[in-house]
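Note that chain A is present in both complexes that follow, paired respectively with chain B and with chain C.
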Partner chain A sequence: MSVLSRLTSTACALVALTGLARADALTDAVVDQHILPTYERLATETAEFATLTESDCAPTSEAVRTAWGEAFDAWVAASHLRFGPSEADNRAFAIAFWPDSRSKTPKALRGLLLDSDPVVNTPEDFATASVAVRGFYALEYLFYDPAYADLASPDYACAVVKAVAQDLSQNSAAILTDWQEEYAEKLRHPDERYRSDEEAHQELFKALNTGLEILGDMRIGRPLGTFDNPRPNRAEVRRSGRSLRHLELQLDSLRQLALLLSDGDAELSQHLTQVFDKADRHAANLADDPSFAGVSDPQHRFLLETLQQDVRAIKDIAALDLGPRLGVEAGFNALDGD
Partner chain B sequence: MPSRRGFIAGLMASSMAPSATWADAGAPAYLSAGKDELGLFVVAGLSAAGEVLFRHSLPDRGHAASAHPTRPEAVAFARRPGRFADVIDCRTGAQLARLEPPEGHHFYGHGVFSPEGEVMYTTENAYENGEGMIGVWNARDYRRIGQFPSGGIGPHEMRLRRDAPGLVVANGGIETHPDSGRAKLNIPFMRPNLSYLSLSGEIQEQMELPADLHKNSIRHIAVRSDGTVGFAMQWQGDLGADVPIVGLHFPGETHRLMGEDDPRLRNLSGYGGSIAFSGDETQVAVTSPRGGVVQVMDCASGALVAEHALADVCGLATTRAGFLASTGTGAVARIGTQVETLATAPLAWDNHLIPLV
Partner chain C sequence: MKTPLLTGAALLALTAGTTAAFAASKAEVLTNYANIAEAKYEDSLITAKALQAAVDALVAEPSAENLEAAKHAWLAARVPYQQTEVYRFGNAIVDDWEGKVNAWPLDEGLIDYVDASYGGATDENAAAALNVIANPEFSLSGKAIDASDITPELLGETLHEADGVEANVATGYHAIEFLLWGQDLNGTEHGAGDRAWTDYAAGDDCTNGNCDRRGAYLKAATDLLVSDLEWITAQWAEDGEARETVLSDENAGITTILTGMGSLSYGEQAGERMRLGLMLNDPEEEHDCFSDNTHNSHYYDGLGIQNVYLGEYVRVNGEVVSGPALADLVEAADAELNAELTGKLSTTMMKLGRIKTAAEAGFSYDQMLAQGSEAGEALVMGGVDALVDQTRSIERAVAVLDLSDVAIEGSDSLDNPTAVFQ
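So, the complex of A and B:
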């Protein structure tokens, strides 16, 4: 943050104590009602998945797939909270390596299975494996792509499932522990990492923006490609038919964060509610094309494009109305550098 | 590359006035891309005092520009993932040509002319396979005449070497694809480098940072008269880590990181926007719009010697006395012992301030 804005925030503190008090409440609300519960759910779901794989780890098991799906749901809800604990030791990348523009996950998984690589034998060893083969997306290939079904013995495939589940659980637990033991405090009481409430708010605003970018540019943008060159094979988690589900889950989570950030501004909250409602309705229109295979068909494509426009409209509202409220300087270069 | 004979033939056939030079009256001292009051994108010529001399409309957001070494013309490049580069007569701002990269490529926003000005090079993304490319253009008629790999992913700024003939390219390491906007596709595996290439594209040397800095995207460069390359980086990891943003490298030697262990490095917010050497070449400066600061470092000791607050600063150029900076709030300011605003335009100046003479 600039010296100028630090001066400004000091000045604000002097002249508007009430404003500062509300600022703290904002950080508290986001941490207590959004960040901690979101990462708690991820830690719980991944732990349940890991526990299940102790007794049932066949890639074909419905129970295993269901537990994986529930844990994956929890990750999608957290996937915009990419700062601090999630970034230590590449934890978030190990949990979810996507997009995979160079097909590293299928290549690494294939190698692992064909070699029956002993790296899966202990959690310590598996933590050194490439992030491309460690997370939710690697298991999606193993569970839902027939090309990976018979590359290794059932026992080895089982060991892979167990290793990934344990690794997911460990990384998720580590993120949660860091949040609980130190990082929440860093946001709540700015000192070293964040030097003012304003800086903490900027981080939270950035998380919303990150989520909207992942949603609009990646989860929707990658399969859309261009009109002349649609890319249905790039749809996230198309093999398991979860593509649309991920959009809906992320919309829910981002709505929660956006509303917490706009708390106290009834007009803005109402506006955000309207645009998120609209996006939900447009997402529901895609129900018969959950993997976005239809992006090559102009009629179906239009539905996904409409949803992308909704997401971009939400991003614009965040930039124009929410950012300034949180002291995010919408500098031409600062906001969008190169 | 065109032969000397071909070059002269091109010169004779050209409709452009062959006698025009930078000494002709009216040529600006700097170029900068910007956004005007109506939200439209321009490239503007500025006087040495920062006054706007002309504006040329661009179809979309611009980024940097490159000046021809002898003729008073310059090329303004689209910001990535743009696909235009406008050749401008710098005396008037008139457009002389518009370049488009081949199908499947987009520009990264930077380019450079060969020492004699026969050829222009552009940094490009061949995005279907994510390969960094250098486009080669005849600088007389601006026809595409070739291309070669940049030596990495995501080539951004490129300069001429000054210790030997050749190019130095900042391969930022980040893969993007226009279908996914500006989203970064390969952060956990990114490997930026500084590549030294011959003018025909042979890789002569590559500098990589240690593995713990693999998420530090080497993006902008400046070259001192002895051939030392100053590079500015943009950190793609968590901002909680204190990371170097500026380094120096001389071909054949190990790199040096600047300002290390100085707590003020954090004020750059992990982001170097532009880099330039001082007029006397003893200092190197970096701008950070995210931090709202310009930091000046001593080339010999590596120490951070001064920090100046300037809101949304990004463009930076060498002047005889020190540095000139431009900002997203329209200011052009001299950076000496203090910041002195020379001019303010009703424009948001974009990332780079390009000296023309």
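So, the complex of A and C:
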């Protein structure tokens, strides 16, 4: 080993040691205050929904729809955490297959209902079904789109609701268990999956960016389309009128993560708080158009465009201030393709 | 804001100075990267011209043999083209152009007749079943279109991405693929599209109507593919815009290579093209669904990632283009990481090779996507997992090469951080 490289490795070791205390605190804070509580809530809400469907599973039941909505809220708050346990066994896709740019969910659900496909009879079989008929979004069609109301017998529709609710609960429980039993440890004490605290931080930073991309480019960007070609039909969960609600829930969750990542940097926290506050105010302006039907009208469209700019401003702060502060790159995520 | 950047640049210059004796320079690596791009696109052009000749022969003298010859030419043309895909992400000039030649998936009912099971117009696409070949006149987005002459201009400027819908793919490899093979109606059973040569026959032999217009469409689409490939090849030649851009800023150029490798590996190939089809059990999610050539598409995409990293490409005539590579830069910065990444790229090729060999032996890619096919799922997920794993090491390469000032440069907000609050 040359003198030069020995010096270099000593320097690296020093950096690693001095970085350790702060790094652990940051990772611990995000895991304990953000990730675990978010997944605990998802597991609890989906379990409650599944339990309810044992006795009440009619797609028209208000109690069923409310329980579905509460569980869905919990998912939206977790929807940016696309790494580790949520990706194993395609759990996140099975919980929430969206965006569905090729209309797979309506097609597959229609087929399922028309055939009264016995795949819903056991959880083991249902776990092999297309992700397009599993999860929250398939139930939204079943609950809120009249075209699906009479395709199958009430008994079969009930069986679908039960199967999806159970599947949601199982996947959510599996994600939480994996986090509790092994994955939190992998982040806290980097070894193989993450080699250093920096790599752990990068994963958490990437989750923030992923969430901001889902929010700005998909939840907002898809219905916006272009000025000449707005796409109100592409608004997420427009059938249940939950589109705006999802934006607000995701903003709340991402604010929590961003502030934890800014880790006591008062100036950065203040900037982030300012832009998130502004985004919340602009979201509130959309209260009379909760499913973004107004994107074709320039006056209404402007409100959603403004909110998209807010999200991009938050992304800029993440790229320019937060990333460099953490000493990490943006990295790659699942949204990098087309 | 200038001072810290200069400091960063000065530090980088020092680092480069200490390693220069041991490693290739960034400029050399970028030149070889551009040389390989030029060779790959030129090979794509050469094989597309062979396809063009085969299509001309089919249209002039329709026969089963000439249709088979055109199919073979198409399959050969895919080999170099798929290896270029690693240039797409990161090189804006390629990404902006790419949709014309390789857009996918498509609502093929826009182009020609389809089976009744295809359905009609959808919420997402009003033109999904337009059938241009059967209709010399139609309206699109409320505008009357005269399609009596099927020309490259009609396809490229009017029909492609008509109505702002990406699934309206009127041009490129997959439009041609559909015209040669037809719809694959076998679901997740074995078998590709089975278009009869008589779809191009003259007079009473013509099946499914409008054979002359079908031939005209096929020829226009192939001519357009050739001219589009001529254009991109020129961009990578000496003084071409793509080459100049990559060479103009060393750190940005190296970042471009890594961005292409990582984005194709993870979001695009592992996610959009492989895992999604498996999760949906949907053969329409096959990349080359008409020809059942998907195993090769995946394989050559993976090979393109590997040969860009290693800086070595085997041309369609067997010649080798090689030179200083990104692997050399990583080796100089962190030899262990280079071994790790090189090993993972090899593992990916082995896993994609398994999919390819199984498909060639008769277990086709659409069968692998069938619900409950454990063997198929294991094969496809083997490729997905390897691609995701190599992406982690690509991220590590980004970190050890210390290119971080690049992402910050070029941002509008750099000189005025408060701008983002306005």
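Note that the second predicted complex is superposed on the first by the 310 of 338 C-alpha atoms of A that agree within 3 Å, B and C clash if a C-alpha of one lies under 4 Å from a C-alpha of the other, contacts with A are read in each partner's own complex, and residues count from 1 in each chain.
Following the convention adopted for this analysis, a residue touches a chain if its C-beta (ideal position, glycine included) is under 8 Å from a C-beta of that chain, and two chains touch if they have at least 3 such contacts.
What you are looking at is a predicted structure, and each value in this text was computed from that prediction instead of being measured.
Chemist: For A:Glu236, is the partner it touches chain B (first), chain C (second), both, or none of the two (neither)?
Modeler: Neither partner.
Chemist: With both complexes overlaid on chain A, does A:Val131 touch chain B (first), chain C (second), both or neither?
Modeler: both
Chemist: Which holds for A:Asp197: it touches chain B only (first), chain C only (second), both, or neither?
Modeler: In the superposed model, A:Asp197 contacts neither chain B nor chain C.
Chemist: Looking at A:Phe93 after the superposition, I want to know if it touches chain B, chain C, both of them or none. Which is it: first, second, both, neither?
Modeler: Both: A:Phe93 reaches chain B and chain C.
Chemist: Identify the partner contact of A:Glu45: answer first if only chain B is touched, second if only chain C is, both if each is, neither if none is.
Modeler: Neither partner.
Chemist: Is the number of chain A residues in contact higher for chain B or for chain C?
Modeler: Ranking chain B and chain C by residues of chain A touched puts C first.
Chemist: Determine, under the contact definition given at the top, whether A:Arg102 touches first (chain B), second (chain C), both, or neither.
Modeler: both
Chemist: Just chain B (first), just chain C (second), both, or neither: which does A:Pro324 touch?
Modeler: second
Chemist: By the touch definition above, which chain A residues appear in both interfaces, chain B in one complex and chain C in the other?
Modeler: In chain A, positions 4, 90, 93, 97, 101-102, 104, 131, 225-226, 234, 329, 331-334, 337-338 sit in both the chain B and chain C interfaces.
Chemist: Can you list the chain A residues touching chain B in their complex?
Modeler: The contact residues of chain A facing chain B are 1-5, 83-84, 87-88, 90, 93, 97, 99, 101-102, 104, 131, 193, 213-214, 216-218, 221-222, 224-226, 231, 234, 329, 331-334, 337-338.
Chemist: Could you please specify the touching residues of chain B with respect to chain A in the complex?
Modeler: Residue positions touching the partner: 35, 63, 79-80, 109, 130, 156, 175, 177, 179-183, 185-189, 219, 234, 237-240, 267, 269, 271, 273, 289-293, 309, 311-314, 327-329, 348-351.
Chemist: Which stretch or stretches of chain A touch chain C in the complex?
Modeler: 4, 90, 93-94, 97, 101-104, 108, 128-132, 195, 198-199, 202, 225-226, 228-229, 233-234, 271, 274-275, 313, 316-317, 319-321, 323-324, 328-338
Chemist: Going by the contact rule set out above, which residues of chain C touch chain A in the complex?
Modeler: 18, 89, 105, 122-124, 163-164, 167, 262-263, 265-269, 271-273, 275, 279-282, 284, 371-372, 391, 394-396, 398-399, 404, 407-408, 411, 413-414, 417, 420-421
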